[in-house]
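Naming follows writing order (A, B, C and D), and every chain is counted from residue 1.
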Amino acid sequence: MASTLGTLFRITTFGESHGPGVGVVIDGCPPRISLATSDIQAELDRRRPGQSRLVSARAEADHVEIVSGVEDGLTLGTPIALLVRNEDARPQDYAEFGGLFRPSHADYTYEAKYGIRAVAGGGRASARETIGRVAAAAVARQFLAAAGVEVLAYVKRVERILALAIAPGRVTRAQIEANPVRCPDPAAAAKMIRLIERVRKRGDSVGGVIECVARGVPAGLGEPVFDKLEADLAKAVMSLPATKGFEIGSGFAGTLLLGSVHNDPFYMEHGRVRTRTNRSGGVQGGISNGEDILIRVALKPTATIALPQETVDRAGRSATLRGRGRHDPCVLPRAAPMVEAMVLLVLADHWLRQAALAAAQVASRPGRRAPRRR
Amino acid sequence: MASTLGTLFRITTFGESHGPGVGVVIDGCPPRISLATSDIQAELDRRRPGQSRLVSARAEADHVEIVSGVEDGLTLGTPIALLVRNEDARPQDYAEFGGLFRPSHADYTYEAKYGIRAVAGGGRASARETIGRVAAAAVARQFLAAAGVEVLAYVKRVERILALAIAPGRVTRAQIEANPVRCPDPAAAAKMIRLIERVRKRGDSVGGVIECVARGVPAGLGEPVFDKLEADLAKAVMSLPATKGFEIGSGFAGTLLLGSVHNDPFYMEHGRVRTRTNRSGGVQGGISNGEDILIRVALKPTATIALPQETVDRAGRSATLRGRGRHDPCVLPRAAPMVEAMVLLVLADHWLRQAALAAAQVASRPGRRAPRRR
Amino acid sequence: MASTLGTLFRITTFGESHGPGVGVVIDGCPPRISLATSDIQAELDRRRPGQSRLVSARAEADHVEIVSGVEDGLTLGTPIALLVRNEDARPQDYAEFGGLFRPSHADYTYEAKYGIRAVAGGGRASARETIGRVAAAAVARQFLAAAGVEVLAYVKRVERILALAIAPGRVTRAQIEANPVRCPDPAAAAKMIRLIERVRKRGDSVGGVIECVARGVPAGLGEPVFDKLEADLAKAVMSLPATKGFEIGSGFAGTLLLGSVHNDPFYMEHGRVRTRTNRSGGVQGGISNGEDILIRVALKPTATIALPQETVDRAGRSATLRGRGRHDPCVLPRAAPMVEAMVLLVLADHWLRQAALAAAQVASRPGRRAPRRR
Amino acid sequence: MASTLGTLFRITTFGESHGPGVGVVIDGCPPRISLATSDIQAELDRRRPGQSRLVSARAEADHVEIVSGVEDGLTLGTPIALLVRNEDARPQDYAEFGGLFRPSHADYTYEAKYGIRAVAGGGRASARETIGRVAAAAVARQFLAAAGVEVLAYVKRVERILALAIAPGRVTRAQIEANPVRCPDPAAAAKMIRLIERVRKRGDSVGGVIECVARGVPAGLGEPVFDKLEADLAKAVMSLPATKGFEIGSGFAGTLLLGSVHNDPFYMEHGRVRTRTNRSGGVQGGISNGEDILIRVALKPTATIALPQETVDRAGRSATLRGRGRHDPCVLPRAAPMVEAMVLLVLADHWLRQAALAAAQVASRPGRRAPRRR
């Protein structure tokens, strides 16, 4: 189950960083949804490395193939398998690390767990594993878009450079894609780019915070008590590499407020229940309340750096690791589409779960007949 | 699945706050573990309200009954059902709220989702639902203790009062239980108590941060890629009421460091791979590395306050809510055992998953015979 | 997961035969369905022993309590916990078997698996475990009935006595309940009763075949490829004690026909696709086709008999088992409600899964908005 | 979940009969098991069509590619993705059926469920979907073999021709593979072949019974109460196309015996508990008892025939279907490896579940330390 996520919209990813390929099987996508290879390719292109000096130089085209589940541009309701071949695999770049555990990587823990590991590029622990997630999320986006749900993630902070001029309720994808750092505050973006350049030259790395907003989510998504919407969002984003923290709504800062200030008063607007503030972040008691869902994710500075580091090898001998290989001085620009992907996947799953509940309520009333395709 | 958590150590909770009772079914507990009612009762006593002025005055004895799965003080390997009767249910206290949506509670969202709800005390959204979790965690603690794993949670911060004099590697349960606020830093605890008293008199509430350490966790727990240990921990604690954020290791603060500072260097100690720092929080690549696991959880100020609040009723009419009923001015002292419970449940599940993997590796070697009970 | 069944309508049973009680937690029942204790009690009364000389003399009232999930006679959408106390537990009746493995019972295999077992009455292997299933099925029946689905099981054969005068399409519950053997063919029923009486006097036992029909099931239930409707039905009934075989439609006898004879021709009737014959048993490719679903289940002769039997004890010493205790000379009359229960549970689950799919198809069309409660 | 099977050894199949390819992702295979492409290819070769006149003439090489989870011939413990390209897809052969529902096929029910379907070759309902199952089972066989478990399936009956000269305890794979009908009783095999030839010439089809034995299964596999070993075996084989019935041990015939005859007496042999007869079929109370596991599966005559048949088209118009395309006059020779595959998959899963339980029992004893890789 470790490589599977979701209840009704279930994805299973597979593939090592430097093996034949990576991919995903999506089980539970509704039938008769329009889906073209280009819908998925567009998302993969945002995720892939080599887009600018800011991120890893690995040059992968990452061409996706739809292996099953789609015919004549429409989903069949059967499992959708998506495959991306690894083309620029260079296992030899990693040969020298073979016996050394890279600090704050998964080398040692994989070894401890499995007694074996795909050394090159971290195997499954590589960010390359997220290709399957981003591809699956492109499918989720297709049917969530039809339902009026929009999800956007962007870089909110790099190290100490905080982007303040962003209104989550109105930010657009064009604003996010306007610069290579994916920060829709142009002034902050410029500073972030300069910082990342500086850090890259020193062979070091920086981290920061991604913010993600989901707009148009209807009230009612999320399942008490363990599958609360914020719980599933937390799990989903914390399953991404390099994440160290998760917040929803007021988050950690909200703990500094009094209850009388923190509570979100209800009022009516155009016949709809609204809240005056949104410290809840769009979720109350684990269920969406119709306001924007707003989360933030902490990403540590990239573990791969060019500077020498103290470590040990498999045999337990002290050693010094001297980095080479390709790496990102700052993972955040590429992490934004990944966070977006995880939020899309969680919302798609809960959207289907709520659709199921709503249908069951209607259909189980006396006098109703069974569910029928319309 | 919404009320079920875990893969191999699975719990399913049930019960409304003011219905006949609450409880849990545990499926997957190993057989022949010593288990007495008193083991569970002791944990429930820590969780229950009415222990001091700091928390809710609801006076529940919360007597637990083992309904199944145990005979002569030993677990049978079959489902363990635990039941706690609701005794001090006072639905009339809540009658007046009937039509009003309490701000930042789950009233509106349950109504939006189900079209019906157990009005009194929030039904399943009540903290009373956590009785089943804490009871199940008491069982998990029994067998994790035998394996040398210890989990302790305590109050790290209330509003702005931060407890600095705590060493997660050495803190004891006695220190935590030494004061009603469950903060093992006595000076900070005294300040916290005064603050909570002050806030209670004003009819207001405060939030803060719980920290939780797990010691003695062997390397190898956690499953890539979605069931990473930190991902499952995040989900588990974010499924508790009132949580707004989750961190592991360096958390959000870690994003301010350079990679060269943030990485945890490896070294050998007594033949074991160790890290010099623990910014990873005991987990790398989703798998435990043998260091202490350290997490922090943000809890918002309690939503239930005595001050008047703006809201609407079911019919969409503006209204003012005036609190009465019993409530906690600060949920943190009682939340510490809940966070501890969630961490225990996640570790028990992953401990069994890793035991399964280890057994499979051994047993699937040529020449080995099938698994046998010893 | 071993004690949990279902995907969207999930049940978890608990309880040993001679422990404090047995029961079930149902997670996934839609909200706002009318549910009274009497709805469940009526089904338990059909299942329980002591109804006639034909079945076990254990005198249990089997009073069910709804512990959670229902308020004012309506389901809340939250887990429904149902509890039945064990009242006529007589562990001493079983004391003498303590060390002996009863042939064709689960004594030896439980011991081999767990190294411990609830000796009295077989613990979880007892037919008493099915109380939880029958209680949960009573809830499933409530909402399936509203959707026009009716499920009836009856005794089709006892040993060699075959009931031929039964039309699955028209049989009624009244006909089934008209005699203690639950065979709606009165002439066959009379013979069955005489046979069972005879066998009981000799201290022996007999088996036979239960047939079960589900009428009013709409086309579209069942999920390719592993959760085919017949696959889930097979698993569900084969999880009942004493079952040795399962058939759907033409079953084993169908293997004697040529394809040209066996195939069910399609034709139209009142604008609906029908089949002229029903050798498919209402399911094609794992999905219901709108015809009656018809299955048969083989039940072995009860393992508990009064005659002496060769066996061994825990220490591996040869021994002779001499039965006492209470037992059924023929389990079939009581097994009919159990088979009915399992079919109801599977249909409820797949009905909700299909409702979910249908809702997703509708809602994911462009221009549609998200699912809403109506 | 519909395309996923298993709890700890989980497989997810994907692919349509005439799309780009078919395959499987295996999650939960233990690490460091030797696995070569040829191990899998050998099993696929047994399953594929075109091996003799007796089966479908579709000429597919069915070359399997290991896309992930294996490095240098050893499993990594990560998901193993296996892919087989469709090469001899001839969708045009099916064009003429486009609008017609083939009797006793899944055409109508897929249409009813999804409102869309992959017309050519039945899409997911095709026997081609089983490629993924057989490939996954080849992996399961690798580690079960190391544990001393052997699984063999063969043709027991074709229409009325019953193979009597087979001893399940001693039958070999060589005997099974000695003739194209996969019946290890040579005299019966010869008659079966003649019958199938005759039926093929008439454009008709026949069905029959597959028997499958699992030898060397240790006592203790299977989980009460719903995941009983026979229940999971029943589900697994009933999820294969064309299956109409399932039996274990004495099966339907056992219902004709008295309990005193049917019960399997226990005795000791070389310090091991054995049964004198094996009417239980190797499973008691849902748990293996160490005897051979013996099941039988009824397969209907192939639905695809060359003779004209009454049917309707999508628009509800009466029509006559005249078969063409490639088909099997008797599916049984190819079904034997499929049944074998399903039994292997179930045993692998339960073997891991029992290994997990055994490990948990050992490790949770006081004084023990946590699970470690050895």
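Methods note: contacts are C-beta pairs under 8 Å (C-beta built on N, C-alpha and C of every residue); 3 or more make two chains touch, one makes a residue touch a chain.
Computed from a prediction, not measured in an experiment: that's the story for all the values here.
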Shared touch partners for subunit A + subunit C come out as B, D
A student comparing B-D to C-D should find more C-beta pairs in contact for C-D
Whole-Å distance, C-alpha centre of subunit C to that of subunit D, is 26
Averaging C-alpha coordinates per chain, one finds the centres of subunit A and subunit D separated by a number of Å equal to 38
Expressed in whole Å, how far the mean CA point of subunit B lies from that of subunit D is 44
Check: subunit B positions touching at least 2 other chains come out as 1-4, 13, 31-32, 77-78, 112-115, 124, 220, 224, 354, 357, 361, 373
Seen from subunit B, its contact residues with subunit D in the complex are 8, 30-33, 77-78, 143, 146-149, 216-218, 220, 224, 351-374
Residue set of subunit C touching subunit D in the complex reads 1-5, 7, 13, 101, 103-106, 108-110, 112-115, 122, 124-125, 129, 157, 159-160, 199, 204-209, 219-220, 222-228, 230-236, 238-239, 241, 243-252, 254-260, 262-268, 271, 273, 275-276, 279-281, 283-290, 298-305, 307, 309-312, 316-318, 354, 357, 361
Residue set of subunit B touching subunit C in the complex reads 1-4, 10, 12-16, 19-23, 25, 27-28, 31-32, 65-69, 71, 74, 76-81, 83, 112-118, 123-124, 373
